[in-house]
Each structure stands twice: as structure tokens, then as C-alpha cells.
Amino acid sequence: MASSGAVSKIKVGVLGATGAVGQRFVQMLQGHPWFEITALCASERSAGKRYADACNWNLRGDMPAHLRDVILQECEPGIDAQIVFSALPASTAGEVEAAFAAAGYGVCSNARNHRYDDDVPLLIPEVNPEHLALIDIQRRQRGWAGFIATNPNCSTTHLVSALHPLHVRFGVKKLFVVTMQAISGAGYPGVSSMDILDNVVPYIGGEEEKMEQKEPQKLLGVFDGQQVRYADFVVSAHCNRVPVRNGHLEAVSVEFEERPSEAAIVQAWQEYRPLAQQLNLPSAPQPAILYNAAQDRPQPRLDRLAGSVPGMATVVGRLRPDPLLHHKFMVLGHNTIRGAAGGSLLNAELIVAQGYLGPEAAALAQSLEVA
Amino acid sequence: MASSGAVSKIKVGVLGATGAVGQRFVQMLQGHPWFEITALCASERSAGKRYADACNWNLRGDMPAHLRDVILQECEPGIDAQIVFSALPASTAGEVEAAFAAAGYGVCSNARNHRYDDDVPLLIPEVNPEHLALIDIQRRQRGWAGFIATNPNCSTTHLVSALHPLHVRFGVKKLFVVTMQAISGAGYPGVSSMDILDNVVPYIGGEEEKMEQKEPQKLLGVFDGQQVRYADFVVSAHCNRVPVRNGHLEAVSVEFEERPSEAAIVQAWQEYRPLAQQLNLPSAPQPAILYNAAQDRPQPRLDRLAGSVPGMATVVGRLRPDPLLHHKFMVLGHNTIRGAAGGSLLNAELIVAQGYLGPEAAALAQSLEVA
Amino acid sequence: MASSGAVSKIKVGVLGATGAVGQRFVQMLQGHPWFEITALCASERSAGKRYADACNWNLRGDMPAHLRDVILQECEPGIDAQIVFSALPASTAGEVEAAFAAAGYGVCSNARNHRYDDDVPLLIPEVNPEHLALIDIQRRQRGWAGFIATNPNCSTTHLVSALHPLHVRFGVKKLFVVTMQAISGAGYPGVSSMDILDNVVPYIGGEEEKMEQKEPQKLLGVFDGQQVRYADFVVSAHCNRVPVRNGHLEAVSVEFEERPSEAAIVQAWQEYRPLAQQLNLPSAPQPAILYNAAQDRPQPRLDRLAGSVPGMATVVGRLRPDPLLHHKFMVLGHNTIRGAAGGSLLNAELIVAQGYLGPEAAALAQSLEVA
Amino acid sequence: MASSGAVSKIKVGVLGATGAVGQRFVQMLQGHPWFEITALCASERSAGKRYADACNWNLRGDMPAHLRDVILQECEPGIDAQIVFSALPASTAGEVEAAFAAAGYGVCSNARNHRYDDDVPLLIPEVNPEHLALIDIQRRQRGWAGFIATNPNCSTTHLVSALHPLHVRFGVKKLFVVTMQAISGAGYPGVSSMDILDNVVPYIGGEEEKMEQKEPQKLLGVFDGQQVRYADFVVSAHCNRVPVRNGHLEAVSVEFEERPSEAAIVQAWQEYRPLAQQLNLPSAPQPAILYNAAQDRPQPRLDRLAGSVPGMATVVGRLRPDPLLHHKFMVLGHNTIRGAAGGSLLNAELIVAQGYLGPEAAALAQSLEVA
């Protein structure tokens, strides 16, 4: 884990490094221009073992060679890092993340536990960067040296990413969404092959509630200097599991405050260049939203890795009139990259760039980018 | 093709007998109590060949042994049959079916060509048996000795079957439906494995139009003695192809004239016993609709063959409140059985039972049933 | 669980009734002419619960309605049954089965624990019914009132079934076999969808050892009145897991004592009518082996349920010369029916018919069959 | 199609550019250091159309933008190119390739038509670069200004690649191979999803013949200055189609002249650094063979893109003793990259480097590499 160059990077740890999302963090952090893994943490059962021995690597390509011999640590403050990425299960994430934040770490979490806390940002850098101001409130209220920032659920992420430029211009009022979600969204071993081969399962525990009642409304809500006032559109969600490895596909129908033309919607997507893209954050796809005009796209296999940073963009297509609401279209995005580890990673990049990790980290990042 | 017993049955032919739907007709007619295959017809290219030579049998189990040596005939009137089941492609079905009807045959068609003709019944026996009266009008207007009756598209069939008992009691007003359709719906060879393995294709040509504008409204329309007045609810449909062999799964949200309770909806499904079931038609499932209360059902693999006549029932489940409309639920049904060949077959049974093939055929059917 | 008729049947219990193989036992015993389930046993964790509550039913069709309310018992002698079918995992099967046998039950086991015991029959009724004589030796040596009989591993079952009529006539000398095994062979949840979707896994723990060193040689061995002298042909096995739900497909090359013609091999398969078929045992398929002459068969989807008792026959095809050995061909069979629960069930039928459960049971079975 | 830099590259054309293999050629030639596409040719039906209009692009990522507007030409000499890559179907490849070779083009073909011609090299650069000398004989005998060189069938390629270093050291004598081949090997639309979902098809037309009688023996044969004397080992092959998108997996058992230790085999693979790797050809993977010591590898999903040039390496694993022959192991390789387009491309690179396209092309390539 020695630094690969003369200039040292920002030290980061991964909590839950052996699981499916943990592996994605490790994969995406490999060769990252700003961050360097200095600690891998896992459950008590795995702590003390070599990473290569405790982790059943399940991604294409091999485990990064220089991490094979790293000894896994327990998920407790004391590790050598400034930022920790949390891929912990909900059963333990709540307390562990709070402990790290209290101890001064910047916690970028993919777990759902703190997403709906009033003083914790639920963040998509393209969508609601101003919500980061909650970090100051969080620190003040809780007396923490560090902080927690979270990214939304995989299905919500791409839905809201596609809606954001439309919401800004036309105001989302009503929303139907039916998801067809990939098996990797359930982790590993996750979905039994006996349940999904030649089948669709029309139920994913807790998923519809997240999409209908909480996440889109918080993400598209307005920060008034004190708190986030939730957006008040209505969402109806049906969530399904399909036999696809990666990539959540969503059929969306939407009604706006005022009905825009199809051309206006396409324009809103194509002109979309939010802060994360303006800042050229290392993991920010350029552009953030890809509009595919073909009549049968997006498709998971063909489009889940589309764009300048594979797996980070949201792909939209099949825009057409909706007989009930105004318009309908399809949304696709990679669920374990942008929808999980990549979401946390981009959050961390924004956090560093905006100075929430301190001016030194921000300056270091800027210098590394230039280099 | 000799009769298996002393009493002869009603003679039927299959048009397009070598294709995917044609094979289903042949499979479902095997051992039918009323009907006996006396002619198999195919394209010019196949006519003159043995059925076993021209047909690449693709269903589980072997081709019925007694049909292997049958010589395929061309799709022209003159064959020895009273009813013909049409599994013809849309490119040829229009004219061929009209020729058969003009020549005195009762044509039960799965093709879309005549579905929307004003004087042709688009029929689901449980839903709109009174539309059969269009046959008299059709014969009178066209001067045909025979007639054409059609069954709806596979996706529409199960959607409307699930809605019918609700529409009768509560009045459907608005409808949102997203389908996840099986590959067999595209016939054989149909969908390339390169397109669908590890993928979902969010487009099926012409499917959304059928579901939004025509079929549900005609099926649930009122026959006023002269014509069918289309029902006027609004439908929004998204149609998708998923890597499932058989069984179309549909996510449905619906708004009624007045909001019923969930219990009232379940009761409407469970008390549903329409004419086809009262008549005990041989292919009518008992009950017509199966309500599954488990939170993760229906599923294609587990439920597509559920019920008393495998593949003929419609399965519903996951009933829950919808934040935008009134209720949401899932609908599942077998697409090549009830959604295609089985739909035509049940239509033919109702037609015979109601006397549209003449009193002798009706009496024969009754006698065969008793035996 | 009351008897469905006036005549009572032979009482049977199922050990491990909630698992994948246990469910198959329950499914296959439904409506069995000789046997009636009088006890369902499961792990300590499930004992005391209703079967419907403890068991996540995973087979097509619903759990038999009359068993839903049955209270699960622990896997200990004392249950009301003469025969127990064991679907226990290897971790507990060894001792539990021995306890039942000692207590007087006839144990028909699908577990591997006792398969290779010198005094325990490893049985395929068509192949080595004379090995049942080991039961007498077993009882004498172990002082047991009951006994244990086992069926082979799923891959071995169909391989040896296909070889048996050839071995009898031509003498198998060398054998090369590569399996492509279905996911259901690993139970439930078994194989993660993450591991097998769009993939093949070229490793199944312990499988090659069973096929190379033990099972085929014991099954085709000769019982000399005291013991089974193992057949001494050599087997090379490669075992693979493929994304197929049910049905193990095996590519086989074989060398005999003397090279038979292809016609002689086909004749041996087609004339095959061993004891189980002669006795007309209820679960014995007629015929035992199906030879399919098409160039691209057998295939799992099309052939796994072929024959008179679905899932119980072995299907062979693609017979052709082998450049290295004598002949090559494909073997297919259902792995959780004949390869597991159905194998044990047919064993039990032979055991009853041959009088190993006592003359009363044999007489009862005979009377039930006649009725 | 303007050159991307100041230095012009070697001009190449693609015959059959719209098909599955043709698209791979286009994809792999994008950004190639030596070659630049200057002509895309297709069937009469497509000639004259824009590439974007005539080609249903099926690979991940979009069609190269600068080729979208290229007008497709007919497959006839006259195009502006020195090398043509042939992805033509066997029905037309024979004559068309000969016409191009006669007219002075270097034809690098993936078609099977000329593979077994005595004076045409069947080439894997790592295995038999000395067979390129056949080009001189071919030109002399046929009076051609150009030439044809071919690459083997996808299944043969990786099998022989894995065997070559062993054959050199230990001498292959007998060989069993059972393939589990990906659907992409059949092109597009190729295998119907109806045939392969939840299934294995144990038959691929002509495949076993190629592997048993011709290709391995020619590839590993000795060029004696006049002709290739075929190696004389015996091969038994079973070929199967499995529901995997890309990557052919092969179970291999082999007997050598003398039995090497397992360590010696691993060493032979690990020390393997043939000419193509020594020359650092742009598409030559480093190393050519990847040995994976895990007990359950290689697997198509995890390993088909392994190595320094994705899809070009051969991956071996699961080495263990074989009870019948000497050793058994698994071989995996990408079938449409190294097994098709990539094989032809690497052949072309060797041909250029060895001067068969003339000294200028060789010098140009060398200069481009340095740059």
C-alpha cells in the first residue's frame, strides 16, 4: 500500500471491504488520482486475515495485486485514513458509521441507515450539491469532528438523475415508475439462481417505500439554510427483480407543472451540465446524462457501461407521449457502480473539492489533478 | 387422424400448423373432447410435405404420433373441416381468413388483422360473450356462409381478464401497465439469444398501441345490439421483453369510478364465475382468476401453469394501495397458451356451445361432454 | 393426513422435508398408490412449526393442501411410519439414519453418508436389484431391526442407467464423461445467481470423485452372496455447473471389452426391460431408457420430463463413433426427480415388492395396485 | 476516415463488415497503431448504404463515430486497401477471397473455406509462425499477386494454444475434449433464445469434425520446406452450445508421449513466450497463456477478457491427473475476439512484421510502433 508516486494522496479506508459493494469500492479506488486505500476493514470474523484469503473476489479481472496481502482490520475508529467508504450492511452500519464520524472521519456511506436523518446529506453531486451544507449543521448539532454523507438507493439514483434537469425546468408533479432491477443489487450470494433463472420476482423488500416516500423527495428538496424541505410530488413505484447481472432499467411516466414538448425535454437532458461536471471531478461522467434516440434503447447489456466513466452515467431513451400523464421514457443506470460504490466515491470527491475535508485536502486534490 | 372412438367429433383444421402458435394448437387439440384435427395447413413451401418433416417441433414432449405422417395442405378453402384455427402471420392472415369465412368455415383466429373490424368479435369468453352476436351481423353484412372470431393479443388477454370483474363492479377509469413479456411471445426463432441473454429490451413493435388504444376498450365495450361501443378509460402502457421463456408479467395501477376497498377487489376476483366457467367449457379454467396472497407472487416460473387447465387461468397478486391512482397489483398469464392458441380454442368452444356453428355441432358437443 | 380411502396405505415419513429434495419427496408422494405421508421431520429450528410456515415451497404448483397444517417433528425415531425417506444433509444424515434403522425403520436415503458402506445397498432398481440382499447382511451384522438403502448421486444415476444394458452385453472397460449439471443439483438457495448467470462453473465439490472411484463400480459390481465385488472399469470425469434449472446432460465416450456396432447398442437400449419395469413398480418409467435418434438430442429443456413417469427415465442420443474409444453419446436425466427423491422412492417400491419390509407390506402393496 | 495523425498507416478493408465478426474487426481496428480502415464492404443488398444505416451494431459501446457515414462497397477487388480482413460467410468467402488475393491483396480470413488448402497457412502466430512460408508457395503455385492466410475455428484456437507449449515439450498423443461454447459463436441472430434459455444443445454442425480431423493436426504439424506434415495425434471431441454470451470453455484430457509431472506442465505454460510475444505484436497478449491455480477457474464470465489485451489470451486451470489418459484441465478463451476477428488481426500483424506484405509495410509498422 505504499504510495505509487512521490506525492501522497488522501488516505481512505473501506468498511465492509470483502462484500459485493466493498469490492466495487476497492476496484474503483484502484489508480484513483486523489485517493489511496490505506485500510481495509471487515467483520470480526474476517479481521486479521489477508484480504486475498477473506474475500471471494467476484468482479471481472483480479483483485488488485498490491492489496492481496493487506491484513483486514476491524471496523473501528483508529485506522489510518481521513475518509472511510462504508459498504456495511444496515444491521451494523448505523452505529459504526456514527462512531467513525464522531472520531473525526469523513464517512461516505452507501448504507440506508442515516439517509433520512435531517442533518445528513442524501447526495447526488449533480443533483443537490447545496445539501452538503447539512454537514456543518450535523457537526454542530452532534458535536462530531467528522461527518456522514450518504448516497441514495441504486434505483432512486438513476431515476432522480434523469429527472433533475426536468424538475428544474418543468417541475415534476406526478411520477409512475416500474423498475426491472439486476441481481447484483442484492449483493452476494444474494439472489438464488433457483429463484431467478427463467423468472421475474415482482418484489424487493423495502424498495418501493424508499422510492415512493423518501429519497426522490429529499434529493429534489430545497435546502433553506436550516433544513431540506422535501419536494412534494407523488410517486407510484413497482419494483421487480429480473435475470440481468448489472443495470437497473426503469419505465417512467411523469406529469409536470406544465407540459413541456418532447424537444424541450431532450434539450434539458442534452444541455445538462451541473456542478460535478463543471468541476471535472475525477469520477464525474461527461456528460452526466446520455440521451439515446433509438427506439429500443437503453438496454442493460448495451448501455450500462456507456459514457466517459463506465457505469457512472445515466442513460435515457424512448421518450414518447403518455396518455395518462405527460411523457414516458426509460431510464437505465449501473446499480453497483453509480448506484452504490461509485455514488459514494463521487460524493467524496465533491466533499473534498468543496472543502468539507479541510483546505489542505482540497488543495492536495487540486494539485493532484493538475499533475 | 382416424377418430379415436365410435362417435365422431367436430372436424377442425389448423392454418399455419408448423409455427410456434400452430404447434400449440396441435398440442392443445390432442385429446380434445369435442374437436378432432382433420387438416393441417401451412405455407406453399411446406405444403405437400409430411408434418414431421416440415415442422421443427419445439414444445416439451413429442409431436403427436398420429399426426407425424399427415401431409400438409395449402391454406385454401376446400379442406375437410368445420372450424379452422388460424396461427397465420399478419402478412397473410387477412385475406386467407376472409376466404375461409366466405367459404363457410368458422375461423377462430389469433392474428391481429380482423380484431378491430366493427363486425368481428374480439373475444375472451369470460369477458364479453355477448359480443358473439357480431357474428350474425358479420354474416349478414359480408354475405359470408362462415365467420371470423378473434382473440386479443397475449398481453391484453390477461390484463383484461384481471380487470373484467373489477370493471363490472367498480368501473375502470385510468390504467397504467408495464409489461415484462416472455420470449415465446415473439414466436420461433423470434428473439435472438444475443439480444436477450442478460438483458431486457424495452420495446416490442406495435404492442403498446394495441394495449393503449384498441383492445381493452373493445373487449370491455358494450354491445348495443348493432355494434360495440368502446369503453372509454385511458391506458398508459410500457412493453418490455425479458429473458423468461413463458408467462407475461404485468405491473398494473388502476383508478376506478369510485375507490373500492382492497377487500372488495379480492372479493370480486374470488367470486368471479362468468359464463365460460358456468358452461364448463372443456378449456375453461376453474376458477378463471387465481388470487395469490403471497407478497412476492405471481411469478412466471411458479404460476404460469397454475390452475385447473394449465396455462389458461390468469393469476393476480401483490394488491396494495397506489399513491397516484387507487390500487396497484401484478397480473400474470401464459402467453402462448391462454394468450394465443388457448384463447382461440376457448373461443371456439363458446362458439359451438352458443350454437353459432349450428345446432348439430352444439348437440354433438353436448353429447361428447356427457360421454 | 387422514387416509384418502378405506384401505390404509404404508405409512412413510420424510426427513428434511423443508429442503429442495424434501419438497420433491412430498410432491412425488402425493397420490402415491402405496405410500401415505404420516410424518414430516425437519431440523430442530423448524420442528414444532406448521409445514406451511417452515417451508418455502419452491416447486411448480402449490404445497399439497392437506399437508400445510402438519406440525413438523424432529428427526428422531418415534414417528408413526414404517419407511422414512431421507433428504438430510450429509452433516447429519449419517447418525440420524442409523438411529432410525436401528429402531426398526426402513430408511431410503438420498444422502451420501452410507452409500459406500459394504453392507448397504447402493441401488438403482433397474440396474442392481440383487444388491438388496445386502439388507439381510446389514441387519445381521449391525443387529438392526430396520435397514438403510441408498440411491446414487444424480450424475451417476443416469450415467449408470444408460450404461447398464451395454455393460451386460458388451462389458464396459473405459469411460470418459463430462457433465453439464443443472443448478437445482445444489439445492436451495444453492448456487448464487451471481455465479451462474451467463457463466459455467467447471467445478462441483466431490462430484468427480464419486463418479470416478466409487459409485459406477459399486452399482455395476457383482454380488457374490457375501459382498459386492466392484466392477473394475476406469472412469475419467469432468463435472461442470451450467445455467440450466433441471436436467443433467453428460457427454460420454466408452470402450467395451469388444466393440459392438452402433445398431447393437441401440438394440440393447431398446430391448432393455429390467426387473423394475417387469414388476410394473408405480414409479418405474416404461421404458426405462428412451433413445432419441435426432442429431441434436437429448436436450435438458425438451427431454428432462420425457417418458411415462415424468423425470424418471434416462434419455440417450447422439450415438456416434469415438476416435479414441469405441463410441460416444449423450445421456440426460432429471437430477432432482430420478437423480434424488424419485430414486429413493423407486428403491422403496422395489424394497416393498421384494418383501424386505415384510410380507404384509408386500401384500398390501399388491392389493393396492390391483385396486 | 481521414488519418488521425500525420503519418499514414497501412490501409485495410473489412469484408462482411455488418455482421457479428465484421463488427468485431471494426471494433478491434479502432485506434490500431498500424492499421487504418479505408474500406468497408458488405453484401450487394447493403452496398451503397451508410454503415450506420446498414449495420445493426450489437457490441457494447457505440459504432466508431467516424465510420458511421462511410458508404459500404461491394466485396470486389478495387477497394483502396493493402490488407482485407474477411468476415464473410462460407457460402461466398471461397471465391471472393481468391479474387482479392489474385488481385494483389493480403487476405486475412476468418472463414473456413481455404483453411485446409495445402498452400494456405492455417495460422496461430504463437503456434506455427513458420507456416507463413506457405504464402510464397501459394503465390508461386497460384500465380497470385496477393495471398490468403486463415485463422482456425474458435474452439480449435484456444485448445491448440493451450496444447502448443505442452506438445513441444512432451508430445501430445491422445486428446479428449468436450466444449461448452458461447452463443456468440453462431453469429447474429444466430441461436434463437427459444433454443438456449434454460438449455444446452449438444450439437454444433461441423464443429466436431473440424476439431477431430483437421485443424489441430495442421496447426501442430511440421512445415518441411514444401508442405505441412500433419501431426498425427488422435482427438475425440464433443461440442455443446451453452447459454453463455462469450467465451468457449473446454474440458480436456490428454495423453503425451511420456507422462510429465503436473509441475512440468505448469512450468511449460508459465515459461511460454513464443515469437508473437517476443515481437511485441500490438495485439499479442503478454503472456499468451494465463494459468489460474484456483480450483474453480477458468470461468467464462470472469476470465474471457483476462490478460493484457482483453479477449486475446488463453486461460487454463484445474490441472489434475486423469485416470484414463495422463492429465486433465480446463481451457477458456474468447470466441469472437481471439477466436475470430482478433485471430485474423494478430495474423495480419505477424504477416506485416515478417515482411510478407513487403519491406515498406514492415518498415512502416516498425516506425509506427516506435512512435
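Note that the chains take the letters A, B, C and D in the order they are written out, and that residue 1 is the start of every chain.
The rule we apply is simple: contacts are C-beta pairs under 8 Å (C-beta built on N, C-alpha and C of every residue); 3 or more make two chains touch, one makes a residue touch a chain.
In this text the structure is predicted, and so the values were computed from the model without any measurement.
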*B-C or A-C: which has the larger count of contacting C-beta pairs?*
A-C
*asked:* Report the chain whose CA-based centre is farthest from the CA-based centre of chain D.
replied: B
*Taking each chain's centre as the mean position of its Cα atoms, how many Å separate chain A from chain C?*
49
*Intercentroid distance (Cα basis), chain D paired with chain C, Å*: 45
*For chain B paired with chain C, centre-to-centre distance based on mean C-alpha positions, whole Å*: 40
_Give the residues of chain A touching no fewer than two other chains, as numbers and ranges._
197-198, 243, 245, 301-302
*What part of chain D is in contact with chain B in the complex they form?*
20, 58, 183-184, 188-198, 243, 245
*Flag every residue of chain C that touches chain B in the complex, lowest number first.*
60-61, 197-198, 301-302, 305-306
*State the interface residues of chain A toward chain B in the complex, per the touch definition above.*
174-176, 178, 180, 198-203, 212, 234-236, 238, 240, 242-245, 249, 251, 253, 295-302, 317-318, 322-325, 328, 330
